[in-house]
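By written order: A, B, C and D. Residues from 1 in each chain.
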Amino acid sequence: MIVMNKTCESLRAAVADIADGSVVMIGGFGNSGIPLQLIEALRQHGARDLTIISNNAGVAEIGIASLLKAGQVRKIVCSFPRSSGSIWFERLYEAGDIELELVPQGTLGERIRAAGAGLGGVYTPTGYGTRLAEGKETKVINGKGFVLETALPADVALIKAHRADVWGNLIYNTAGRNFNPIMATAATTTIAEVSDVVSAGELDPECIVTPGIFVDRVVTQEASRHDAA
Amino acid sequence: MIVMNKTCESLRAAVADIADGSVVMIGGFGNSGIPLQLIEALRQHGARDLTIISNNAGVAEIGIASLLKAGQVRKIVCSFPRSSGSIWFERLYEAGDIELELVPQGTLGERIRAAGAGLGGVYTPTGYGTRLAEGKETKVINGKGFVLETALPADVALIKAHRADVWGNLIYNTAGRNFNPIMATAATTTIAEVSDVVSAGELDPECIVTPGIFVDRVVTQEASRHDAA
Amino acid sequence: MMRLNSDEMARRVAQDIPDGAYVNLGIGMPTSVANHVSDDRLVIYHSENGILGVGPAPAPDQVDPDLINAGKQYVTLLQGGCYFDNAESFAMMRGGHLDIAVLGAFQVSERGDLANWATNDDTFPPAVGGAMDLAVGAKQLFVLMRHTTKAGEPKILNQCHYPLTGAGVVKRIYTDLAVIDVTEEGLRVRELYGDNTLADVQALTEARLLPPL
Amino acid sequence: MMRLNSDEMARRVAQDIPDGAYVNLGIGMPTSVANHVSDDRLVIYHSENGILGVGPAPAPDQVDPDLINAGKQYVTLLQGGCYFDNAESFAMMRGGHLDIAVLGAFQVSERGDLANWATNDDTFPPAVGGAMDLAVGAKQLFVLMRHTTKAGEPKILNQCHYPLTGAGVVKRIYTDLAVIDVTEEGLRVRELYGDNTLADVQALTEARLLPPL
């Protein structure tokens, strides 16, 4: 029997085929569970005209902000782009140089999950009667109002996990899960940045959070990089 | 600081307030991960006119079949009522003495999850163009057909887990998870049958499958019972 | 007029959080409510980024960079707490599993409409986060805010001028002057601090206030 | 006419399952496909009840009553496998994450419609299980069935008479006589066993068959 091994030799190789114009999901909540080294590899790779789906828009000049600064991002889909220090997002937004699709955080998660689960969309009560439901289909079910929110898939998901096995099974560190497990399910190609990779069978099957079927490539963090998380 | 303790003293006490006419979810896939002792307690409790939501309809005279035999069930919502040995379901069905709502298995799961997650419903491709979509709203999204399936909540969920802590956090045994974690989220009152109960903090927080917020009562299996799983 | 300071306001909300409750505290002043819950109560705090059983801030040498709350502050996990992903976290919020959410607000209307995520300044980029999900999902939504703006304008209005977070979602308002319930009949004053009178508080409120029962 | 027996039919399907594939095998004859995949390939089997990496049957003294497959047979877990709940399991199926599903069928139409869950006998209680989710979700859906009914009636039809499991979902049909692809142009014979001729197989098929390319 042969051995399945989804390990990728380098961060650079892991992102090498990301094309201009791609829709790219990036896991993380603030700096928790964010794949900083994959983002840096994407910045160096240089793909442009990207649509980024992520909860936040980056702060200072690291993470997603570094992609914004480099002019690689056409559009961002997120729930909370404006954080303390999100200077690059604010600069581009004020100049009209970036498109923003603002989505309530739970709706963002359900739209991502729907894409991964093969659903066309969900009816959520979130946002009903607010500006963020304008132009969307609504429906009253058992007397309660709901908004139709459609599936949000991506070409690529860049995610951060704690540990992988060679089959691509993943476990996370504390609150570092956030969007990572659902984004893993929703992209054509899912690439996971991890602290280390172990053999098949070394992760407790009761405790695996992301089954390997959702993961295409696993890459270990490079300790020498200045952007190590 | 006081101690939260969701442990219930007996199976009998755990189900004592289930009313006639209740909608009751029952976890399990065949005999895997099924709360046989809670079902037996419900049979002895005697609540009638029940709607049961479960993947299967029981075999021989144990589990859900025992409730059917006792005449306690008005309606069953399930995906696969007809198994080898499902004599009580078949008998009642042929006599017209039970109502059946047949739901594809994945749709059953999504409807349960939707109820737990506060969604009104989901658009699923499953069943589109088939008899099981008749009379339901459909929608073509990006050229693909979907069926609107609405949330399916319950009054009570009877579930089976391997181990609980006193906060109601649960872990399961191998494939015994099946419907249990999603049913835990979808009922007004969730009651878990477990092999043992440990203190808060004894379960690894990275490995808890059902967070205690979804669980109202935890009850330990009674070893002396002939129906012990 | 008696005006509570921020600590006193947070303490007042804390008094109404019962033992065993599952609670989400919004960013800012609501987060400080946890500091005032008395030690004889076990309250389980939820953080939208995927934590149940949020504990106090860690010692500086015990920081886990991934273990933050919704306000991006470092936290710890209580014994009995657990982690989960965004979908499960918001299932808890939207699905009615949290007993109480405490949020700040720009404006609240007499019908309990909540406006707390955006002003009408379109040059300022908007951000919504999890506020809308909490607003529709928690069993009870408490608002904790100053009674008026810094300029002294009322924040409890006939209707909100700012974009809504949710319609008819607020259950109770805790301000620096009073505690007010949103009821079928309208805004019912539940408690006046110190010697504040209904007339005092009404003068700083656009919506009509009903007297305490 | 050369007719494969059940083992030979399962072996033929197994030849087309590539190394590294994620595969769901339906109840009955499809389950036996796993017995015929050669040892130089690692195939990861999914079971709808919540297993990825299903291994062979356990020794009698190693049975875990919870660890069963969709057909309710006792199984084991491979090193590298894992467990999950129904929602995640069907997300894998419906979301297009499985490379191949192999299902039995009552009838298949020339457009690839599948009927495998109910007949037209209404006195018999219906049961659908996970068949409809697999039908719409797997990247490739293979049908494994005898070419005709026990009574010798064709099962590959212009259109299905039995209730559909899914419309236009079948990619390839493996019978005891031939392998047939469902294509844009129609049903294209891919392989004829032994010295079976197109005319032989067509005589037992209602839908028109196109010759091998």
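Just so we're on the same page, a residue touches a chain if its C-beta (ideal position, glycine included) is under 8 Å from a C-beta of that chain, and two chains touch if they have at least 3 such contacts.
This structure is a prediction, so every number in the text was calculated from the model and none was measured.
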Strictly by the touch rule at the top, which chains does subunit A share as contacts with subunit C? B
Return the chain pair with more inter-chain C-beta contacts, choosing between B-C and B-D. B-D
Whole-angstrom distance, CA centroid of subunit C to CA centroid of subunit D, is 54
With chain centres taken as the means of their Cα atoms, state the distance from subunit B to subunit C in Å. 34
Please work out the Cα centroid separation of subunit B and subunit D, and write it as a whole number of Å. 29
Separation of the C-alpha centres, subunit A versus subunit B, in whole Å, is 33
In subunit D, the residues touching two or more other chains are 77, 83-84, 87, 90, 93-94, 136-137
Could you list the positions in subunit B whose residues touch two or more of the other chains? 110, 113, 117-119, 124-125, 172, 174, 205-206
So the complete set of touching chain pairs is A-B, A-C, A-D, B-C, B-D
Which bits of subunit A are touching subunit C when the two form their complex? 29-33, 55, 79-83, 89-90, 93-94, 100, 102-110, 112-113, 124-132, 172-182, 209, 229
Note which residues of subunit A are touching subunit B in the complex, please. 110, 114, 117-125, 139, 141-142, 144, 146, 150-151, 171-172, 174, 204-207
Would you pull the subunit C residues touching subunit A in the complex into a rising list? 47-51, 64-68, 72, 77, 83-87, 89-90, 93-94, 118, 123-133, 136-137, 163-167
Complex contacts: residues of subunit D adjacent to subunit A: 19-20, 22, 39-42, 44, 46, 52-53, 77-84, 87-88, 90-98, 136-137
What residues on subunit A touch subunit D, complex-wise? 1-4, 113, 115-119, 165-167, 169, 185, 199-201, 203, 205-206, 208, 211-214
